[in-house]
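Chain lettering (A, B and C) follows the sequence in which the chains are written, and residue indices restart at 1 in each chain.
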Amino acid sequence: MALAVAAAGRVLLRAGSRLGRREAVDGARRFANKRVLVEAEAAAGVAVMKFKNPPVNSLSLEFLTEFVISLEKLENDKTFRGVILTSDRPGIFSAGLDLTEMCGRNPAHYTEYWKAVQELWLRLYMSNLILVSAINGASPAGGCLMALTSDYRIMAENPKYTIGLNETLLGIVAPFWFKDTFVNTIGHRAAERALQLGMLFPPAEALKLGLVDEVVPEDQVQSKARSVMAQWLAIPDHARQLTKSMMRKAIADNLIKQREADIQNFVSFVSRDSIQKSLHMYLEKLKQKKG
Amino acid sequence: MALAVAAAGRVLLRAGSRLGRREAVDGARRFANKRVLVEAEAAAGVAVMKFKNPPVNSLSLEFLTEFVISLEKLENDKTFRGVILTSDRPGIFSAGLDLTEMCGRNPAHYTEYWKAVQELWLRLYMSNLILVSAINGASPAGGCLMALTSDYRIMAENPKYTIGLNETLLGIVAPFWFKDTFVNTIGHRAAERALQLGMLFPPAEALKLGLVDEVVPEDQVQSKARSVMAQWLAIPDHARQLTKSMMRKAIADNLIKQREADIQNFVSFVSRDSIQKSLHMYLEKLKQKKG
Amino acid sequence: MALAVAAAGRVLLRAGSRLGRREAVDGARRFANKRVLVEAEAAAGVAVMKFKNPPVNSLSLEFLTEFVISLEKLENDKTFRGVILTSDRPGIFSAGLDLTEMCGRNPAHYTEYWKAVQELWLRLYMSNLILVSAINGASPAGGCLMALTSDYRIMAENPKYTIGLNETLLGIVAPFWFKDTFVNTIGHRAAERALQLGMLFPPAEALKLGLVDEVVPEDQVQSKARSVMAQWLAIPDHARQLTKSMMRKAIADNLIKQREADIQNFVSFVSRDSIQKSLHMYLEKLKQKKG
């Protein structure tokens, strides 16, 4: 698997280079990126990745590309053993996939986009780094998926924030690897119900369900993420990484084995008139809300 | 899988025709059947299937044949998007498999019977319809299995009613697809213990275990089933059906791939002298209870 | 699978014979063994296996050999239907694998040792006997594994006693079949976190997590084990054994299929300088503690 991921990674890196967006890790405390702020706390061995893609941190192709490049830098830099995922915009962790990437484009674009979404998941789910999500805002769909790949999830105690895989509400279907990650987190029965109904859970319910590990007052999310990280950093890396890989490899291999088929499936699904129509209507509704 | 099920379905349909029991869906509010009352609430898109097979709604070959035919009618009728499963005889949801079909008959009969039990499960578990069980009575063994195939389970708050897979108490073994459905509902450890001990759970315990989703006062079971159904009907069918299939297909395929072997296994198991003897003794005990 | 286990069993039996440690079951109430006391309660159909391998009941090669031979005797003796696993030394159930067997020895020794550990698990996990663990002391790592193979786990209510798979704390990794057993008991998410962090749980937390089934005052552990055993003995053996095998066979087959590869993996892992060094340091620390 490592090989397959690495190969795909190189593609992304090349894409990154072409866009001129790759920059060497500076000795300083921040990488220069537009959509993902990386704040290094080198002494602690920890970096904080802050999503900054206004207005709702949606997972656009550009965001995904930057994110994966930043994560790979950290993965390859021995200085860092852990990463905290959080939002630079409290109130919204991430709204998930960017529907404008899935609507009114051509098959080549859908292919490129879906490959980037797969890559995001593979990189996060199989990361050797300790990942802690500091969920400081709403986290539907792809936002929830990012949190699900972490080793530990802390959510702000604000009932306005919800988390879950709500794809069916938009008339679309979460891919099988979203589902696998979900089932491994909350169990088969809870996942079956929540996925079919597209349920979004406020923090207290998410905690009860096991969708997040801890709920803390909003102003303590970041500090709690650091104290949890310290607990994980106490474990020898090598043993922890092998253990994590043993727990997750089968699920990641599931996608790697059928990555092309999964892309074809997505492209043909999203190209349907009925799906385009329902995505278009949903986007129009969103625009009117704002207007 | 769809093909395999469809093929098997045709066999059942032909059997139904021969028995003269198939009748066209009338415009009216009730299909004419002897053992399964189907009450259509067409405006809501919902049908209620009421088990009526005195004295204990056991899953006789005739019941199974009628049930699957009725379900297939609803499945193919665009009017209906959801089905509520319940008993016409409050106090007993279903006593499960009909032991008289498994005792003192010949291998050809056991084969026909087991195929019908498999068919019931495959049809229910992979149904495109929203299935809600309104469990208004005891629900052991096959009765529990029917409930387990539903998308949501509501049970009457009456401690005399119990639910579970109690096969071992009769000296028999639940087939692997009962087990798979059970594990996917309550998890591996709880299933391992409950299956080995043949445990039957009163409503409060069943709820705690996740074997049912909700417990309500006995006179509210039917109305609650309708309000839950309304919640599920709010989800676009196509996305919900694909999601449901994604969650369940692997388990259904498990049986479809080894359907013949599973039949052979059942026939040879049930044909053993020791099993016949223990089923016979159990039936005698039941008769004495009544007498 | 039965064949493979049986074959491996014969090897162990021969080894036992050579060591002159096998003794015929006497009519009396105790088998003569040095490290495993077997107390027969023949009238009840139950035997109690008491670990007696000072100071901490570690799973040395000699202990494993004696234990498996004793278990096989009980397995083949129709007098016995259930076994209670407990410690002759309250305070410590079992400290798990014996690190001195994994440190400073040669590959042939590591091979022999790992085969014996695999054998222990296969015999316990697939035992036809009813196994109840009366956990009357600390139960880390391999001690936890033994408890996990039981049909029911009762733990003494003493917050000093903890249970869990803490391998990562020693810089080593639990094998995949420890992991599979763990996941089947407490679910994927809880296992992922606990395994990575090497968590040890006091009784109340272990109960909440489902790692044990019941917590009772320390002086009631043995009597509770007997009353639970009586409940399991009420189930017909044949149906219970087939059900147990159906629940567990896939996991056991996982190891049986790759038993040799698993041994090679262990031997090469444990032979590494870095692992030897970290085990050596751990053992030195233990010695200092005692000194």
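Everything below uses one rule, namely that a residue touches a chain if its C-beta (ideal position, glycine included) is under 8 Å from a C-beta of that chain, and two chains touch if they have at least 3 such contacts.
As the structure is a prediction and not an experimental result, all values here were calculated from the model.
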Magnitude of the superposing rotation for subunit A and subunit B (Cα, nearest 5°)
120
Give a one-word verdict, same or different, on whether subunit A and subunit C use largely identical residue numbers at their interface, taking over half shared as same.
different
How far is the middle of subunit A from the middle of subunit C, if each middle is the mean of its Cα atoms, in Å?
40
Give me the residue numbers in subunit A that touch at least two other chains, ranges are fine.
187
Could you please specify the touching residues of subunit C with respect to subunit A in the complex?
167-174, 176, 179, 187-189, 191-193, 195-198, 274, 278
For a test of understanding, state which residues of subunit B touch subunit A in their complex under the given definition.
151-152, 183-187, 210, 213, 231-232, 235-236, 238-240, 242-244, 246-248
